[in-house]
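Next up: some structures, all given as structure tokens.
Two complexes are shown next, each including subunit A; its partner changes from subunit B in the first to subunit C in the second.
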Partner chain A sequence: MPTRGGPLRTLRLFWVFFRVGAMNELQYRANFIVQIFQSAIALGTGLAVLALVFSQTGELNGWTHAELLAVMGVHFLMGGIIGMAIQPNMERLMDDVRRGTLDFTLTKPDDSQVLVSVREFRIWRAVDVVIGAGVLAYAVSQLQTGITVADPFVFALALLLGALMIYCFWLILTTGAFWVVRMDQIAELFEGVYQSGRWPVTIYPGWLAISLTYLVPVAFAVTVPAEALTGRLTVETLALAAGFAIALLAFTRWFWRFGLKHYSGASA
Partner chain B sequence: MIARASVGVRAIASARALVDVYLTEIRIAIVEQFQYRVGNYLYMIGMVAEPVIYLVVWTTIANQQGGQVDGITAGDFAAYYIVWTLVRNMNIIFTPYGWEERIRQGELSGMLLRPIHPITWDLGYFAGWKFVVIVLWLPIAFVLGLLFHPVIDPTPLDIAVFGLAIWGAYLIRSVFYWTVGMITFWTTRVGPIFELFITAELLLSGRLVPLTLMPDWAQRLADVLPFKYSFYFPIEALVGNLSDQDLYAGLAMQLFWIVLGSVVVRIVWRFAVRKYGAVGN
Partner chain C sequence: MTAAESTIHVDALSKTFRVPVREAGLRAAAKSLVHREHKDVRAVEAVSFEIQAGEVVGFLGPNGAGKTTTLKMLAGLLYPTSGVVRVLGHVPSRRESVFLRQITMVMGNRNQLQWDLPALDSYELIRAIYRLPAEQFRETRDAFIELLDLGDQIRKPVRNLSLGERMKAEFVGALLHRPGVLYLDEPTIGLDVTMQKRIRSFVAEYNQQYGATVLLTSHYMADVEALCKRVIVIHHGRILFDGGLADLAARFDSTKTIGVTLRDGVADLSPYGDVIGTEDGKSTLRVPRADAPRITSRLLADLDVADLTIEDPPIEDVIELVFADASRAVDEARTAESAASPR
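This part shows the complex of A and B:
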């Protein structure tokens, strides 16, 4: 048996839980159709809003129609990732803290932060990832500027960093459950704020743009990856994203351990 | 003669009893919801994100085009979307998604045993909650006002009509969402139906943008649907330049949709309740 820790073991754990989650959901295939339907409605609404905006103007704060479509694609894609892998885990964690069932996870011989982060996986939300990627591919094909060979790789890196930051943000908030216990509104609060990512954060007034970058990292999760494909991303911004992601991961790690000390278990 | 009098007396007594039920429900809701101030606030702040996003987008467009879009200035947009936040909160009613739990958990059984229509409980409770929401909303409106500089100049009549129209909006939305929610009696896969309904409302009610920015065909469609009377009309009554005649006509249309919706609720309920097999209790 391999020893505790190590990225390989984390990946293997993730794979095991992914398989269990996938098999579980494959039992409910009708949900797949429901998900497609819901995603189609969301896509239609998004396109209608863009059409409304561009019936009044030729560009929004320097972003063309195709470029805003790219932003929408990234927003959809990241939303799919969050709904598939991040949010379900955090909601389960909140529930476990409230009911004291986190005990069962803590007694397992593996890293608790890894365990609470990989237990749930909603495969049907992958529909949003696929739709988002489709919208993005179409948008990129419509761009007048075109993209370089390196752009997709930079984009993938920016997307990964963004997902990590959203994960940290969620885990920090969820860790708050060790003190607050009931945090039902968090998910709705996040979903409301996440909608702001449908547009490039640069259109928001300064105080709001800064909050959407460092307080809730929507800018890093959506705008920055979209910038990578629309020729706007500077090396400085990418370095900032990487630096902030690392700092946030470190802080999250510390905060999780700190929070755990305050967990008393409800069943005991 | 005596028989007729006693019928009259009984009608008055039952009307008085109904008013009593409403007042009690309202009182309970106020006391209960004031306990959850923090939860209510978090919820309301999450809700403010939506109009702020619309507001920023349309303000950006207005500023790009020399200050206005189709005659609507940045200050007008700010006024529209800030009043929007109150109207949206007035519009919160028993969610159609809540029916599944009501049916599955057998909660409905208890409601059926009582000698009044079950919608009474929802109407009363959510109406009471509104008083809490309005109080909590005032500071939010103040902060939004400081941040976005709304331009608003209502007449006393505008204010009076607005005061009535937000309750009209509440009732319209209550009866229509109650009807849609009752679909749960026939099928459990209601999510897609609800979302279609909610999306139609989003686009055709003025929730997304002031309706005058929509294409002509969409505006004509909105005219014959109830949606705009629970968003666009109340907001416009306060911030727009509606004539006195338009204001009264709007209230009349609200009344029309409330009556129509209530009739539909009565009819659908009669069939729906036959589908109900008490589960749980």
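This part shows the complex of A and C:
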């Protein structure tokens, strides 16, 4: 990501905001309890649906029970990452645009895109990351095929690319707030679409699979990393993911700057 | 920056907003979904001024005059439609990091400190963004906290602070990087008188200590009187007056106020001028500025005067007069314009 001071600087800023934010959120234990409760319900429902499907059939469009469990694990994991680090920042940005407080961020001597992307962190959503990792580990242990030494690294890379694409998707939509100011429903809209990522996008009809790949990059965020662990991922797909991520980052960068030129702020 | 250039240089600056317009009502709302009509609103028109290093300048004007729009262009938040702005030799809208490090913005009706965090934590975040050396940061922070008498308030979440305390905490945060140019947009709005005074003296102190240039908008004339020797009056996006605060009265208000207390009670003073009030035996007269000395000597000769004062009218009244004058002038100009170019 092009920044003043480079990626290291971005990481450092992220760390400072993370430390301060996490320190404060740790005081509110009720949120932790609520989060565990929510995650447990989501996990229970997910497992029940999977069990229901596999009580009827041995495999779904070529995916076995264990493999679909892996997809579910990645879905949880990525959902946790989005809810922890991406969505809170974007919601804060929308709020700032509406209330005019983005002015403060824009008068800071640092890259504004970086600043609006690292300010918020919802530590309790880490529960989903942990659950997702647990489900994934169990699923992998149940796989008939087993995994190679390289698979976890490829998986991590695919996961990172997926998260970057989801970030770009969110930031592009949120930048739209410069023009329309109110975009309250984005979160619900995204949540709805993201739910479809619970299943590998390859089971959906073509038009939907394409939308879930290029319009809302759910496929790259969930299915592709899951493919890395289930022996399905080809070099071509990984290269496509990398290419698409870079193109999306570049476009997001351009669009953010374009949006800033049109930002007029909430007048006093 | 060349030696000759002012800290803030503004030349023929204009900003036009394109805003959607529609009539009231459901039908119009539905129509505007399909076909949206726009109107150009000229928020700032051909504004020019120079501000030198260390000056504290009051930016006056009624709501919607273009003050905030101008401030935002000076801070690099808005792109000018036309004209030239240079602050400290930089073009603000380029938003160069060296430029942004030297300015700050305080808005009375908005917060930059995080609502749920103690101010102290927000200061740490600000420190990270500006990359302030630890020692300089601590020194500045503690000095400001002391000056503003904030004490332990900075350890409470900002949402638990009173409006005044919050504003003080905001000021500390906004000045931690010791900026040389301050844009203060209604910094004392909604504060009680004591708190206003506190903020004012803090700004004055900062200005002296760091030689900072300050551009201030406020609806409280007390702020302006206490801080600014020079004022720029803006109305309908144009500059009406740029000069000393004292000259403003001389230029726009051709009257003086004479306060008279008589030794033997109240007499009818209407032959001497407009009686605008009588209170506790003191009568207040409004007289033409040029006639003030003559009328004063007549009063002293004719009556048994116990006390007499001659003052400029209150600055609020002067400002009101300026805007009333300007509105009339603008209306007349528009009428003339539309008469000249019939559509």
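Operating definition for what follows: the second predicted complex is superposed on the first by the 262 of 268 C-alpha atoms of A that agree within 3 Å, B and C clash if a C-alpha of one lies under 4 Å from a C-alpha of the other, contacts with A are read in each partner's own complex, and residues count from 1 in each chain.
The rule we apply is simple: a residue touches a chain if its C-beta (ideal position, glycine included) is under 8 Å from a C-beta of that chain, and two chains touch if they have at least 3 such contacts.
Note that the coordinates shown come from a computational prediction; the quantities given were computed from them, not determined experimentally.
Undergrad: Is this a clash or a fit when subunit B and subunit C both end up on subunit A?
TA: fit
Undergrad: Hey, is it subunit B or subunit C that touches more of subunit A?
TA: B
Undergrad: May I ask you to decide whether A:205 touches subunit B, subunit C, both, or neither, giving the answer as first, second, both or neither?
TA: A:205: touches subunit B, not subunit C.
Undergrad: Now for A:156: first (subunit B), second (subunit C), both, or neither, which partner does it touch?
TA: A:156 contacts neither subunit B nor subunit C.
Undergrad: Thinking of the overlay built on chain A, is A:195 touched by subunit B (first), by subunit C (second), by both, or by neither?
TA: Touch partner of A:195: subunit B, not subunit C.
Undergrad: Quick one: the Cα-centre angle at subunit A between subunit B and subunit C, nearest 10 degrees, please.
TA: For this superposed arrangement the angle is about 90 degrees.
Undergrad: Figure out whether A:137 sits in contact with subunit B (first) or subunit C (second), or with both, or with neither.
TA: neither
Undergrad: A:100 in the overlay: touching subunit B, subunit C, both, or neither? Say first, second, both or neither.
TA: Touch partner of A:100: subunit C, not subunit B.
Undergrad: Quick one: classify A:246 as touching subunit B (first), subunit C (second), both or neither.
TA: A:246: touches no partner chain.
Undergrad: Would you sort A:47 into first (subunit B), second (subunit C), both or neither based on which partner it touches?
TA: Neither subunit B nor subunit C is touched by A:47.
Undergrad: For A:24, decide between first (touching subunit B), second (touching subunit C), both and neither.
TA: Once the two structures are laid over each other on A, A:24 reaches subunit C alone.
Undergrad: So, A:37: does it touch subunit B (first), subunit C (second), both, or neither?
TA: It touches subunit B, and subunit C stays clear.
Undergrad: Working from the superposed arrangement, determine the closest approach of subunit B to subunit C, counting only CA atoms, in whole Å.
TA: 7
Undergrad: Show me the residue ranges of subunit C that touch subunit A in the complex, using the header's touch definition.
TA: Listed in rising order, the residues are 17, 68-69, 72, 75-79, 95, 97-101, 103-105, 107, 109-112, 116-117, 121, 124-125, 128-130, 185-186.
Undergrad: Subunit B touches which residues of subunit A in the complex?
TA: Residues 30, 34, 37-38, 41, 44-45, 48-49, 52-53, 55-57, 59-61, 182, 184-186, 188-193, 195-196, 198-199, 203-205, 208 of subunit A touch subunit B in their complex.
Undergrad: For a test of understanding, state which residues of subunit A touch subunit C in their complex under the given definition.
TA: It is residues 4, 12-13, 16-17, 20-21, 23-24, 99-101, 103-104, 106-110, 112, 115, 261, 263-265, 267-268 of subunit A that touch subunit C.
Undergrad: Which residues of subunit B touch subunit A in their complex?
TA: Per the stated touch rule, the residues are 39, 42-43, 45-50, 52-53, 56-57, 60-61, 64-65, 69-70, 147, 189, 191-192, 195-196, 199, 202-203, 208-209, 213-215.
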